[in-house]
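What follows are several structures.
Both of the next two complexes hold chain A, though its partner changes from chain B to chain C.
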Partner chain A sequence: MSAAKTLVITLCFSGLLTLSACAGHQQSAIDPTGPQSGQIATLFWFFTFLLTAIFIVVLALALWTLMRRHRGIEQEPLEITHLPSPATETKLARIVTVATIASVIILFILLVSSVVTGKSIADLSTRKNALVIELTGNQWWWQVQYDNPDASRILITANEIHIPVGRPVEILGRSNDVIHSFWVPNLHGKRDLIPSRVTNEWIEADQPGAFRGQCAEFCGLQHAHMSLWVIAEPEAKFDSWFNAQLKPALAPSDPARQRGQQVFLNHECIFCHSIRGTAAAGQVAPDLTHFASRRGIAANTLPNNLGNLGGWIVDPQSVKPGNHMATVALASQDLQPLLEYLEGLQ
Partner chain B sequence: MLLASCQREKRDIRPAPTRLAIYGDAARESPLRPGGPIQPQPVATNPYNGSSYDISEGQRLYNWYNCSGCHSQGGGGIGPPLIKTEWIYGGEPENLFDTIVKGRPNGMPSWGGRIPEYQIWQIIAYVRSLNGLQPRSATAGRNDTIQTNPQTIVNRTQGATK
Partner chain C sequence: MTQPQPVFATTENHAAELDQLKRSWRHPPGITGWLSFTTHQAIGMRYIITAFIFLLIGGIEALLVRFQLAYPNSHFLGPDRYNEIFTIHGTTMMFLFAVPMMEGMAIYLVPLMLGTRNVAFPRLNAFGYWMYLFGCIFLYWGIFSNSAPDAGWFSYPPLAGPQFDPGKRVDFWCQMITWTEVSAMCVAAELIATIFKMRAPGMSLNRIPLYCWSMLVQSFMVIFAMPAVMIASSMLLVDRTSGTNFVNPAEGGDPILYQHVFWFFGHPEVYIIFIPALGFVSSIIVAHGRRQIFGYPALVLSLVANGFVAFGLWVHHMFATGLPQIGEAYFTAASMMIAITSGVQIFCWIATLWTGRLRMTTALHFVFGFIAIFALGGLTGVMLAAVPLDLQAHDTFFVVAHFHYVLIGGAVFPLMGAFYHWFPKMTGRLLNETLGKWNFWVLFIGFNLTFFPMHILGLKGMTRRIYTYPTEMGWGPLNLLATYGACILALGGVMFIANVLRSRKVGAIAGDNPWDADSLEWAASSPPENYNFEYLPVATSRYPLWVPHEDRAVVTGLRNDRREVLSTTLMDAQPHHRYVLPGPSIWPLLTAISVSVGFAGSVFNNWYIVWGSVLTGICLIAWFWPRRPLELKP
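Now for the complex of A and B:
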C-alpha cells in the first residue's frame, strides 16, 4: 500500500514538474500573455486538476479493492449460480447509479466550461480598431502583410510580426503551396493556413515581449525550420517601427555597400527578393527592404548576423536542405560587399 | 517488391552553383543559320533528365520566374506555345538551354546570369515533360494544367510561329 502511494505521489509530482518547466518561456501555452491564451490556460489547468483528482480517486478505489480482505484460499469457491443477497444487490445498484450520475455531471461541467471558453475567445472579434495582418505561409517562411485602407501604408515584411500591446489583431491566413499552421502558444491556439482559402484568428497581447511561433502542420522538408517572432510593443513604439518599415531602403553611401548593392542587383537575388527603393522586385521570397532590422534569417533558423548570412548565401542547402533559396555562383570578392550591403538595410 | 523499393530516385538537393564555361553555348547551331534546318550539335546534356524531383521543381520555377506570363501553361499566349513538335530554335534540351540563356528575337528575354544554371535545366526538364519527352515514371500521372502525352502532341506551331 505505501509503495503504491509513493508511486502515485511520484507520478503526480514528476508530471507537475514537467509542466512547470515550461513556464516563463517565449513559446509556451501555459505562460499566457494574451486574453485568449489566458483563458485557454485557465481551462487547461481546470481540466488538469479535476481530471487528476478523478484519476487519483479511481486508482485509490482500485487499489483498495485489490488490497481489502478476501476469502481465505482454503475456503470452498462460490457456486457459479451464487447470487448476492438482495441487500448487497441494492447497495451495488445504488453505487453504480451514483457513479454514473457523477460522471455525467462532471462531463457536462467540462463541456460547458469548454464551450464558454471558446465563446469568450471568439468575442475579441467584435472589438473595433483592430489591426489586420495577412499572413501567408510558404515553404518554409512567412510573409506578413499589414493591410491598410491607404494603399501607400500597406507594409510587406517576413518572418516577424510586430503588434501593439492591448490592441486586437486579426490574422488572415493564406498559403501559397501546402497547408501550414500558425501557432504562437503564448498568444493563442493554432490556426491552419490553407491554400486557396482564407482563415482568420484574433490575437492580442497584454504585455510587451517577444513570443516565438512555429508552423504546426507538417509542411515538408524544412517544416521544423519555419518559425516566426511576434513582437508586442507599446503603441508608440509600434508606430515608430511601422513608419520606419514603410520607408524604402536607404541608398548606400559608402563604396563597399554601393558595390554590394550592385552585386545584389546583378545576380539572381532580384528574381525572388525585393528591396523597395531599388530595381529588385521579386515576389516569391522574403522582402529584404529592412532585412537587418529582423532577428533571424531563413525563417529564424539562424540569428541575423554577418557570419550566418554569409554561410546562408554561399550554401543555403547546407543550412536548410531542400529550401527554395537558389544556390548562386558568387565571385569570392563579391561576397563581403553583398553581406555589408544587406546587413546595413536597417 | 522490397528489393525494388531500394532503388530510390536520387535528389540533387545541393547542386553546385558553378556556371559552365560553355554558358550560353549548350548547342552549336549549324553555321548555315539562318536559312537551313537546325542541326544542333549538343555540347551539354541535361543532368536532370528523367528526374521526377527536378521536373516538379522545374514546374514550380516555371511559374516563379513567370515563364507562364508569356507561354501560359505551355499552350502559348503572348509567346509561342511550348507543347509542339517543331521548334523555331530547336526543341532538344541544349537548344532550349541556349534559348533561355541567350534570349530570342521578338520578345524572349535573355535569362543568363538571372536564373542559376541548374534551375534552367530543371525548367527544361519540365518543358520536355509537357511534351511527353520524359519517362512516364518521372512525370505526374495527371498534370496540373494541360494534359499531354506523346500520342496527343500536335504541332501547335503551325500558323503561330511568330
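Now for the complex of A and C:
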C-alpha cells in the first residue's frame, strides 16, 4: 500500500512537470524565450532529472526495508543483542560509505554545473550595443526610463517595457519606497529593486512576444497587482515604437476630447501624472503621454479599455484597495470626455 | 506489556525512603502552588500543550489563506486581512509553535533519557515558559486589538519601517520576538548544562542517546542564532519607536544589513526546528526497528556538522539582492554541503531499518513518511542552493512548497511519530494504533495534495504573498487542488486530537515500557513521578534497557529529604558531586511578569524599560535571596 502510493507521487514529480512545460505560458520559468532564462531552464531540467532519480533510489531503498522484513533478516537473533552479525554491519558500512561518496560526487557535479551556468549567464552582460533601461519600483507600479546620451531621446513610460529582439538590455533597478523585485520569468530570474541602491540585470529576448512579469518581493497591500509586460519586437518595429513614444501627446482635434483634456488639466490628475505636450507634469504616478498604447491599467491590474478605465477613475479603491491614486470627484458629464481623451493618447 | 520485574534492582525495605522522596518532590498545593511548579514534566507539558494550541491556531490561519487562494479574483479576504493572516501564520508557526514545541518535548524527555530528576536550572525553566506564554499573549493581544502585524514573518524594512507601516502592528511582531527568544535562550542554557553535567553515571559522550545529541546541537545553535534575530528586531523596533535609522534607507540606514542579520538567524532557525526531529527519528527507529542504530558516530558527527554549516549559508535567502558572484558561489557550496550531512543520516537510518525487525507501528509509519517527504524537500533545497535556479524560484510558490516539505516533512511528521511513541510515557495510556494509521495516511495524502502542486505553480510564475491572481494566469485549478489538500490535512489534525482525547480516557494501559525500547525514560513509570526515578540509573551501555537485567545498576546514597541529583563529569559521566536542585517558587512567574511589563510597555513608551527593569531587579533579589541550608532549620 505504502509502496504504491509513494510510487505514484514519484511518477507525478516528473510527469506533472513535463506536462506543465508543454502547456506554455506568458509568465513561466520553464518556457524560456531568452538566453539567460534558456540556460537556467536547461540547468533546471538537468537538476530535476538527476534529483528525481536520486529521490526514486532513496525511496526504493527505504521501501525495500519493508519487503526484507519478511525474509532473511528474521533469522538473526536480534532479541538478545539487538545487533546483527559483524559481517552484516561491515557490509552495511560499505554500502553507506559508497552512498555517501556517490552523493558527494553528485553534489559536486551539481555545484560545478550551477557555477558554470552562473558564469556563462554573467558573461552575457558584457556585450556592447546594449539598451539601458532604468526601472524604478513604486507602490504599486513600475516607472520605465530608456537612457540615452542624447537627453532629448530619454523616454519615460510605465508598466510596459518594449525591447528589440536579439539585443541585450541592461535593467538598472531602483526603488522609490520599499523593496520590490523585477521578475519576468520567461527572460530571466529576479533582481530586487532596493531603495538607496542600484541593482542591475541583463535580459534579452530571442523571439518576439509579450512576456508578463510581476513584483516578486512582498511590497505591501497591492503586491498582487504590480505586474508589467515586456514586449519583444523586431528591431525596426521597436524603433518605430520608440520614436512614436518620444513624441509629445498629440493635441486632441475633436471637441469631446478637447473637453476631456480640459477636465484632466483642471482636476487633481495633474498633481501626480504628466502628459508631455500639456501642462500636466506630475512626477509621482505613471506618465500618461501615450497611455492608450499600453496594454493595461493600474500596473496591468485591468486590460486597457474604456469601461475598465472608467471604473478605475471613478473608484480606484474598489479596483485596487489601498493604492495611492486619489479618488477624483468628477461631474457626471465630465467622465466620458475624460475617458475619450485618455483612450486617445496613442 | 507490563514488566515482569522492576527494570532496575531495588534495595529491600525502602518504603520509608520512597515516602520521603515523594514528599520532597511533591507539588505545592493550590493555585499559587500550580503557578510555582518547577518540575520538568509539568513545564514540558505546559510547553507542549501551549505550542499545540498555537499549531491549531496557525493551522486555521493557513486554511484561511488557502480559502482565499482557492479561486482567482477571490474576495474572501481583502488584501489587508490576507497580509495580516499570512504574517501571523508564519510568525505563529515559527516562533510560537515549532521552536517551543521542540523545546517542550526536550524539557520533558531529556532529563528522563539522561536518567536524572530535573533539568539543571528548574526555576529558569519555569521563567522561560512564562516568558514564552506572555510573548504569545502579547502578539495575539495585538491581533485582537486590530493591530496584527502585516509585513510578513520576516518584516523587511523599509516596508516594516515607520514610514510604510505606521501604527503599532509591526511593533507587536518585533517585541514578540524578544519574548520568545529569551525563552529559547533559557531552554538552551539549561539543556546544555543538563546534558553536559547531569547524565547518568556511565553515560559517557559516546553513550548519549541520539535525541539528546540533537538537542545539544540545537541548543548551541539557539545560543548563536537567537541573539541575531533579537538584534534585527530590536533595530527595527527602535527605528519605529525611537526614531533611530539603523535600517531606514531614507536616512542612510541599510535595509540589506537587516536582511543579513535576520537570515543569519533565519536559516539556522530551520535547523533549530528540524534537528530535534532528527533525534525523534533516531529514537523511533531504534525502538520500533528493534535494533541498535547503525552508524552512531556518523550520525552524531552529521548532527554537529549540520549545526556548524547551518551558520554558513544564510545568503542563499538573498541571492536576488544582487551580491558579488564569488560570494554567491561560496554560499551555493555551503548550502549543498547540508545535503551531504543530511544524506549520511538518511543512509544510516535506512541501513538500520534494513537490518532491523520492524514493528510497523504508527510511529514508524511517520518515520517512513518523513523519509519520503523530507528527501523530496531536501532535493528541492539543493535546487534552491544553485544561484541561477534560485533566481527563478525565489519568492514563488516553489519555495513555499520546498520549505513546507522540509518543515512539515522534516519536523512535523517526526513530531507526530514522537507523539505516538512517547504518549504512553507521558500519560500512561497508548494511543489507538488503528486510528493512528488512518491518521498517518490522511495526513500524508493531504500534505502531498496541498504542497506538491505548489512546485508547479511556482515554476509557472505564481509569486508568494499575493492575495489574489487573475483567471488568465491559469493557476486556478492547482490552487483549488491545494485547498482541497489543506482540508484533508486539517481532517488529519482533527483525527489526531480525537485519538488523544479518546485514548486518554480509554486507551490501553501502557506499562513502563510498552515498546520494549532501549533508553532510560522507559525505566520510569508511565507517567513518570515528579522525581522520575526512585534510584538514579547507571548507564552501562548506549542502550541501557537492552542490557541483561542482572547487569543493570543504580545509584544509591543520594539524600531523599531534599531535591538532590548527581552531577557527573562532562566526558565520561563519572559521578562528580551531589547537587541540590531548587524547589518550587513563585518568583520565576513574578519576574517574568516584571520583564513583560517592561517589554510590553516599551512599545508604547520608552520609560517602561526603566519601570520594568526596576521591577525585575526587585524580583530577582527575591528570587535569589539566600535561604538557610536545610540542616540549620530548627
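Before moving on, here are some points about what is shown:
Just so it is clear, the second predicted complex is superposed on the first by the 307 of 346 C-alpha atoms of A that agree within 3 Å, B and C clash if a C-alpha of one lies under 4 Å from a C-alpha of the other, contacts with A are read in each partner's own complex, and residues count from 1 in each chain.
Basically, a contact is a pair of C-beta atoms (placed from the backbone, for glycine too) under 8 Å apart; a residue touches a chain by one contact, two chains touch by 3 or more.
Here the structure is a predicted model, which is why all the values come from computation and not from measurement.
Ranked by how many residues of chain A each touches, chain B and chain C are led by C. Legend: residue contacts after superposition of the two complexes on their common chain; A:280 is shown touching neither chain B nor chain C.
Of the two partner chains, neither chain B nor chain C is touched by A:299. By the touch criterion defined above, A:144 lies against neither chain B nor chain C after alignment on the C-alpha atoms of chain A.
In the superposition on chain A, A:59 makes contact with chain C only, not with chain B. Contacts of A:321 after superposition on the shared chain: both chain B and chain C are touched.
Once both structures are placed on chain A, chain A residues 321-322 are touched by chain B and, in the other complex, by chain C.
By the touch criterion given at the top, residues 2, 5-6, 9, 12-13, 16-17, 20, 23, 25, 27-30, 37, 39-40, 43-44, 47-48, 51-52, 54-55, 58-59, 61-66, 68-69, 73-74, 76, 78-79, 81-84, 88-89, 92-93, 95-96, 99-100, 103-104, 107, 110-111, 113-115, 117-119, 121-122, 139, 177-179, 181, 183, 185, 188-192, 194-197, 199-201, 212, 214-224, 321-322 of chain A touch chain C in their complex. Those residues of chain B that touch chain A in the shared complex are 13-19, 60, 64-65, 113-119. Chain contact summary for the complex, chain A toward chain B: residues 266-268, 271-272, 284, 315, 317-318, 321-322, 324, 326-330.
Across the complex, chain A is touched by residues 78-80, 83, 151-152, 156, 158-159, 164, 249-250, 252, 254-256, 290-292, 294-295, 298, 320-322, 325, 328-329, 332-333, 336-337, 339-340, 343-344, 346-348, 350-351, 353-358, 360, 365, 368, 371-372, 375-376, 379-380, 382-383, 385-396, 444-445, 448, 452, 455-456, 458-461, 463-469, 473-474, 518, 543, 546 of chain C.
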